[in-house]
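There are two complexes below, and they share chain A, which is joined by chain B in the first and by chain C in the second.
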Partner chain A sequence: MSEYILEAVDVSKSFHGRRGETTQALTGVDFGVAAGEMVGLVGESGSGKTTLTRILLGIEQPTSGTVRFRGTPRDRFTAEHRRDYFNSVSAVFQNPYSSLNPRRRLWDIITERRSIERRAPKAERRARAIELLSLVSLPAEYADRFPHQLSGGQRQRVAIARGLCEDPDVIVLDEPMSALDVSVSAQIANLLLDLQEKFSIGYIFVAHDMHMVRHLCHRVAVLLKGQIVEQGAVADVLGNPRHEYTRRLVAASELRSLEPEEERVHP
Partner chain B sequence: MLEISNLTTHYFQGGQVATAVRGVSLTLNKGLATAIVGESGSGKSTVAMSVMRMIRPPIGDIAEGTIRVNGTDVTAASPKRMREILRTSIGFVPQDPTTALDPLYTIRSQIVEAMPHVERNKRTETIVELLTSLGIADARDRLREHPHQFSGGMRQRVAIAIALAKEPDLLIADEPTTALDVTTQIGILRLLDRLRRERHLTTMFITHDIRVARLVCQDVAVMYGGVVVESGPLSAVVEAPSHPYTQALLDASSLDVGPRQRLRAISGSPPTLLSMPSGCPFAPRCPNATDICRSEMPATTRKADGSSFACWNPVAS
Partner chain C sequence: MSSALESAPSSPAAGRPPRPWLRLRRRPGRRPWFSGTVMAIFAFCGLFGSVVAPHDPDKVNLSQALKPPVFAGGTPTYLLGTDQLGRDVLSRLLTGAQVSFLVAAGAVLIGGAIGLLVALLAGYSGGRLDAVLTRVADASMAFPVVLLAIVIVAIYGKGVTVVIAVLVVAAWPQYARVLRSEVIRIRTQEFVTMSRVMGGGRFWAITRHVVPNTIPTLLVLATLQIGLAIIAEGSLSFLGIGVPPPAASWGNMLADGRNFLATAWWLPVVPGVALSLTVLAANLFGDWLRQALDPATRR
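Up next, the complex of A and B:
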């Protein structure tokens, strides 16, 4: 049995368009995350990163292959497994402006899961919201604010607080910093490290920028057109990329020079 | 080429006057790229929009200062003269190319609109040449396509084409690569750098990422809380910053702390317009702050390396 809490086993996914065309978004992907581990998932836009995370989150079904949670494949889940999976896997999305419901107060947003799953009373939810705000270093008074009253970085903290609500074992972070300033990204990176140390959460960190991946992740998988072309320890894969595509991503992320390695014609 | 002197710009918000840019002076040298760097809310876009006179009542207004584009003060220009300057001299590339592109019109018709000076029968050739030089393959076949048929990076190239079609003297690019992924970003940065060199294009390059600024710019102005806190030749400023905020920005983007170690983030967040501290705007977050910082705006000091900064207790060199 693998040590992964959450894993995709030989997952493929195709989408069927309106005009009968198919997009092969993923092909034979094996990818997983263990407790307390941070795994990077990198690739150019359109390479399939979001599709893979949506399949891991159960939002999307694979065309073939399976998702396993604590070793049990999804199609063999009991009601108990399903509840455990729902509570133990959460997500933080890229855009902190569109991912928070603008008409709800922060306490309500942050503890949404508790209302869906257990219809928890309001007093309990507010108390939990205040604990969670403190975990992400936001003042308790924010509980009654609305998302538009917050900066982008503060909103992303709220999204992380929401992700923490049910003490998850895995959080999927889909480009959580790409809409933020560099200085705010650094704060969020530190927060993610602190939370991981405290709760030994497994993170799946989706990014196109290798810079942060190299800093934060233990392992990394490189997606190209729906296939993983390299996967392994960050120091090996990014320090000594075997694939030309990985090399190009690393070079572009380093922002060392503008010298083109080769003049590319853009498709 | 572009000379901003003592610019102050207000926004009118619910009956209140909010000062977004305060006493900014900045000269863009001809044929060079000047970065305007700072966290979001620092006033970078407000400076750019002031140059293009896009801030007018009831949104806001330029309260003070002059902005000379090729010698003409745009703060005093008539609306007719201003339209003329915008049509011929200033190209603008926004962060989100979809805002520069009209989804209903073909790429060709949107670029044509920006090149009234080119003879009718030469327009297609000129556009194809322009798009090809910007890295769009099969440009001729794509002229009749609509913006949604292009990828994000390609749409940004089209937006750049529209900005360049008028052959401007000044290009203003406001976070032009922030919405793009890294490999696309590097392509656009290379392109902007090549255009500047080949066309002697004076460029204002707005970014929150000082690492990006280092790649494409020769000069820099660091903004915080609506003021320029440090400016000058980019290499001088980056190698020997005097302003604690410049130092903090450099620290926050550096990963030399070792894998998974805590980054040197800047604690707290920038002030909002309605909570602007008196004195130095950076004081609440500054490790060097002393009493005078909280009461008096620091004077500007010029350094031998050509840069200048506004700080009472500069970074020890």
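Up next, the complex of A and C:
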């Protein structure tokens, strides 16, 4: 039994298109996150990072292989496991403009999990939301605002607050900074680091370059066309890449860090 | 026309402000005074028309026949004059508003509800069911409303319920088509995916996320459909396959009054103006609603 809280074991995934063609998005992936660990997942766009996180989050079913949570495969979950899983595994997505329901107030968005789980009283949910807002350095009076009144960086803070609501053990962060400009994404990175120190949450941090990963993570896995080509401690993998592809990613991220003002466009 | 279009790109139009009428419609914060007022009056008359009517709308009084409206030399007893049977035009207009309102509300609510349900079913099922539903909606839309009305009237006879049923059959595909793509757009947004990550099921996603976010579109469609429903009631009654006379409806008043255009102009003009104003207001209100709801809800 491994020490991972959440892990993919020998996971493959293929998508079937309209015209009968298949895309092999993942092939035999072993990947996991341990308690309090920050693990990076890097690879060029289209390499399968999002697909892997969606499988870990249970939004997508693997074609073969299993997802285990505290050692139990997903398909053997009891109601008890499921509740534990939904409270312990959380996520922050890429696009803060589509990750908040535009018709809900922030307190309601942040504590959505509580109203899914049980009819929690509104006062309790609001109080929790205000606590969480202060954790992500947003003023308490934002609780009654709507998402469109916020900037991209503030929205991403709200998404992080929602991710923290049930004191999770793992948060999946799928390129949480890629829609933000450079200075804002640095603030979000620092916030994530602070929260990690405070609560020692396990992070799965997805990025398409290695820059943030070097800054944030303990361990990193490199995805190429749906396969993990290299995985290990950040210092080893990024300092002494064995795979040609990793070397190219590192070189590319160093080029980018020389031009910090360059506009990042994510496909 | 075409030369003006062709010359447009070469002229330095880029920095110029848009033409006034364009700007007028887009100016933020404009209140829909005209359309809002007319819609409010219509709703009031639609709900309480027969209560506030000064006379019995069906009371025949031949000694008072064909009195002109008060502003055209008539008496204050009959503010909008009387028809060939001496019935009070204002009272008929007000009770007729109830028919129009009932028809519009029925068609909009039932048609909208069916359209939304079909849109959710199609947008969530995908695959074959989606294809079938889309095909059915397209087919229903291609079917001519008047022909449909004739068939239904031939089977069930005339009545307000039949008019509403015809309009529902004509209207639901319009909602379904637009709302289906809305449902698909919304259900793939990250906040819906996130609700699944948090353990929310399909019912949760639909009731909390998808349906509330279709409401702006639904409202805009509904206001536009109000205008169409009122016109359709008028047309069907005018053709004699709508609300059966002697019940007052705007379409019946138009149909009765058309022979008097030369001698008693107010008989066709009064219901005609009421109908046109209401439809115009409904459409303007729908336009305003679309613009007012857009910026806040789409990002």
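Quick note on the criterion: the second predicted complex is superposed on the first by the 255 of 267 C-alpha atoms of A that agree within 3 Å, B and C clash if a C-alpha of one lies under 4 Å from a C-alpha of the other, contacts with A are read in each partner's own complex, and residues count from 1 in each chain.
The rule is short, and it goes like this: a contact is a pair of C-beta atoms (placed from the backbone, for glycine too) under 8 Å apart; a residue touches a chain by one contact, two chains touch by 3 or more.
From a predicted model like this one, the values you see are computed outputs, not experimental measurements.
S.K.: Tell me which partner A:140 touches in the superposition: chain B (first), chain C (second), both or neither.
M.R.: A:140: touches no partner chain.
S.K.: Per the overlay, which chain contacts more chain A residues, chain B or chain C?
M.R.: B
S.K.: In the overlaid three-chain picture, which partner chain does A:98 touch, first (chain B) or second (chain C), both, or neither?
M.R.: second
S.K.: Could you tell me if A:45 is touching chain B, chain C, both of them or neither one (first, second, both, neither)?
M.R.: The answer is first: A:45 touches chain B but not chain C.
S.K.: Across the two complexes, what residues of chain A are contacted by chain B and by chain C?
M.R.: none
S.K.: Within the complex, which stretch of chain A touches chain C?
M.R.: Touching chain C: residues 57-59, 82-83, 86, 89-91, 93-95, 97-103, 109, 112-113, 116-117, 146, 148, 159, 162 of chain A.
S.K.: Name, in rising order, each residue of chain C that touches chain A in their complex.
M.R.: By the definition above, chain C touches chain A via 189-191, 193-200, 204, 208-209, 212-213, 215, 295-299.
S.K.: Can you tell me which positions in chain B touch chain A when the two form their complex?
M.R.: Contacts found on chain B: 39-41, 135-137, 151-154, 157, 181-187, 189-190, 193, 208-212, 214-216, 248-249, 252-253, 255, 259-260, 262-267, 269.
S.K.: Where on chain A does chain B make contact in their complex?
M.R.: 44-46, 151-154, 181-184, 186-187, 189-190, 193, 208-211, 214-216, 234, 248-249, 251-253, 255, 257-258, 260, 264-267
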